[in-house]
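As structure tokens, here come the structures.
Here come two complexes built around chain A, the first alongside chain B, the second alongside chain C.
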Partner chain A sequence: MMEEWSASLGMLQSSAILLYILKGTLFTVIISAIAVILGVILGSVLALVRNYCHSPRYRIFRYAAVAYIEIFRNTPLLLWIFICVVFCPVPDIFAHRMFGLTTVETTLLFKASIALILFTSSVIAEIVRGGLNSVAAGQFEAAASQGFNTVQTMVYIILPQAFRNVVPTLLSQIITTIKDSSYLANVATIELMSRVRQILSTANIYNGTGNINVSDVFVLYGCAAAIYFIINFALSLVVRHINARRKAAASAYRTAKA
Partner chain B sequence: MIKLEHINKFFGDLHVLKDVNLHVKEGEKMVIVGPSGSGKSTTVRCMNYLEVPTSGKVIIDGEEMNARNHIKLVRRTTSMVFQQFNLYPHLDVMRNLTLAPIKLHGVSPKEAEETARHYLNVVGLADKAHVYPTTLSGGQQQRIAIARALCAKTKIILFDEPTSALDPETIQEVLDVMVKLAEESNITMVIVTHEMGFARQVADRIVFMEDGMIIEEGTPDHFFNNPSNERVQQFLGKILRH
Partner chain C sequence: MATLVSLEAWLKVWTYKSTFLLGFLTTLETALFAVLLSLCLGLLFGLMSTSGKTALQAVARVYVEFIQNTPLLLQICFLYYAMSFSGHSLSIIASGIISIGVYHGAYMSEVIRAGIQSIPRGQFEAAHSQGFSYLATMYYIILPQSIKIILPPMVNQVVNLIKNTSCLYIIGGSDLISITYSFVTGANTGGAHGPAYLVSGVMFFIICFPLSMLASTWENNLKKRERLTFKKEPAVKAEDLS
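Then we have the complex of A and B:
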């Protein structure tokens, strides 16, 4: 019994295995970061279109944005990963060996990332829309009374306030997206979750006992859990810190006013 | 300077402005008074296209305002001070004052800041250049809003009930700034207000509106001392009694 545990833990002393897991962690972070960054850009456009394209000429864009947001937000991510793996075209530039991945892997990485971006952007669109709706109507009037056109009003006045209002929610969404990226383990061996699973499936070779033991499951998945936890808990501490600072600022304002 | 010709405005079925005709001359200080819901604010908001008239013409500085030219025309000719101040909460006072001059009027940041400091002095808040608007009292915010309007250096400033959202003790500081402006500048001012003492002090002409129509207009003297219209007499009787 004890030998099995020490054999399992011994796997984590192999630099090859550690490096493999570490690279997986790096992919997890990069994929999530790309999904969130593109999600914010795409989501902002969707939110703006959904909120403000009311004129009859552009109403079609609004309907498209509503359809996009509602479809992706109300269906599971895994579904879209499977769909994208089958149907999503891959530009040649991604169908090459790179980052130590095979061509098959980069292709799958691209497809699955697209699914993650589609899904994340629909969620972020609703977050940004919440931020836009929290901006007082008087801000639009003030901007119009100074002669700002629609684009200038959005860029200089509305969007900065909207984003400021949703920073904590967006950071929480990053945490969710990092966890969501583990779904990619279903189609490719690239990010953290899939790599840990991959090691587990061949643990009988690495742990030296010739068998895959229950202790291997605990150690490897425990390792994955610990890595996810460290990243996400650090992020949630940041969120908490920002929220606390805002609350303090708001109450300082209230006392100053009273 | 501002001409409203046969303005009608509907909100749905509600007929809020009924054939309003008004001519504000250059440099004139016009005060619009009347009971709530009489269309005073809507009239002023038609002057900078915040409300689009259902029919009729708005002519500013000789140019008829329409859907194509309103942004540039408003930018060039009018500023507005709102009941709720509507300062930009994400920008400090200085950037509230310099945003439009820099981004819209092509003024250099240095020059815009000099102008802003000048007008902060005018409204007596030179020490507040680098605080955020939400840390200021209502009266201070409204004085900043007036400074912001001045920084655009437009010939016209529209005031839409600038003291209605203020605590009683801060109303006077805002009125004092407006009196100073009215007496010392050549800016065309159109002011919607309930402050009758102030109206009497600054107005060249007082316009009384009720039920979407202008039913009396004249000098403060005429308006307060011998209004010909019975409704105006009633209105004045009600508010001057307290």
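Then we have the complex of A and C:
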């Protein structure tokens, strides 16, 4: 029993395995960051179209945005990963070796990341829409009275306030996206979760006991859980800090007014 | 994409329609039991975290933080492999129900905690002064008031839970997504990607869309009512100023 545990822990002392896991962590973080950044851009466009394209000429865009958001929000991410793996075209820039990955791995990574970006953008669109709705209607009227046109009103007045309101929610969305990125393990991409699964399936070679023991499961998944926990918990502390500061500022504002 | 308009591919899906239905029912069954488990855990830990007892609150905090900050996929793999490698084999559906229930239980408990904390402190004190016990206070006074705040996010969690049943794929489950995938890669049935994915997407959509619509209309109504109550206040304040 004791030997099994020390054999499993011994796996983590091998620098090759540690490096393999850490590279997977790096890929997880990078994929999630790209998904959130592109998701914010795509999601803002969707949210603006869904909220403000009321004129009959552009109504078709609004219906398209609503359909996009609702379809992606109400179907599982894994379905979209499978669909993208089959149907998503890969541009030539991504279809060759890079970052020490084979061609197969990069194309798979590209396709799966596209699925994650599309899925994340629909969630972020709803978050941004919540922010847009929280901006008071008087702001539009004030901007119109000062001679701002629609685009200027959006860029200078509405969007800055809307984004300020949803910064904590967007940060929490990064946590969710990091967790969602583990779904990419289903198609054997190269992020943390799939790398840990890969090591587990060949643990009998690495731990020196000749077979996979329950201690390997505990050590490997425990290690992955610790990595995910550290990243996500740090992010959630940031969210809590921002929320606490805003609450304090709001109550200070109320007391100052009273 | 070409398979979407190929009659042959659609016929293949039609021949195996009972397989898809079976997967759909497995998904619903898993989701149903997982929702029940998550409600029980959510209520238990939600009450613990609002109990005011440091030890209970700490336990609830650790549960929520640990579960919410690690992926469901990792938890499901951990449970399934830990059980199977230690010799106590757990069925795929059972490990799915347990891990999905525990995962969403953490979210449910946060929803319930927020609902309970939205009730003013005075209500607890008033109930206490009238001789209500803790459970009676919760059952007769606090929960009926907070239920309208709790329900919309809770329904959203149910939608997420149904979508997350797709996690079963990684341990070789027989839910809708896994069945669809083995259908499109199977030796006899392979190739009909377009129709198969469309069918399983539509099946998820017809379950999840009404639920998320319900949640958002509920939430909007609540906000509208709030705005109406807030609108009255400035009028009163304006009088005070003059």
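A few remarks follow.
The definition used in the following text is that the second predicted complex is superposed on the first by the 257 of 258 C-alpha atoms of A that agree within 3 Å, B and C clash if a C-alpha of one lies under 4 Å from a C-alpha of the other, contacts with A are read in each partner's own complex, and residues count from 1 in each chain.
Everything that follows uses one rule, which is that a residue touches a chain if its C-beta (ideal position, glycine included) is under 8 Å from a C-beta of that chain, and two chains touch if they have at least 3 such contacts.
Just so it is clear, the model here is predicted, and its values are computed rather than measured.
In the superposition on chain A, the chain among chain B and chain C reaching more residues of chain A is C.
Of the two partner chains placed by superposition, only chain B is touched by A:Q161; chain C is not.
Of the two partner chains, chain B is the only one touched by A:G138; chain C is not. Of the two partner chains placed around the shared chain by superposition, chain C is the only one that A:N232 touches, whereas chain B remains out of contact. Within the superposed three-chain model, A:I175 lies in touch with chain C and out of touch with chain B [touch as defined at top].
With both structures placed on the common chain, the touch criterion links A:V217 to chain C but leaves chain B unconnected.
Contact with chain B, but none with chain C, is seen for A:G147 once the two complexes are overlaid on the shared chain. Common to the chain B and chain C contact sets on chain A is no residue at all. Residues 70-71, 73-79, 82-83, 86-87, 175, 178-180, 182-183, 185-186, 193, 197, 200, 212-214, 216-218, 221, 224-225, 228-229, 232-233, 236 of chain A touch chain C in their complex.
Every residue of chain C that touches chain A in the complex is listed here, in rising order: 1, 65-66, 68-74, 77-78, 81-82, 85-86, 159, 163-167, 169-170, 177, 180-181, 184, 193, 197, 200-201, 204-205, 208-209, 212.
Remark: chain B residues 48-50, 71-72, 74-76, 78-80, 82, 84-90, 99-100, 103-104, 134-135, 137, 148, 152, 158 touch chain A in the complex. If you check the complex, the residues on chain A that touch chain B are 136, 138-139, 141-142, 144-149, 152, 156-157, 160-161, 164, 253, 256-257.
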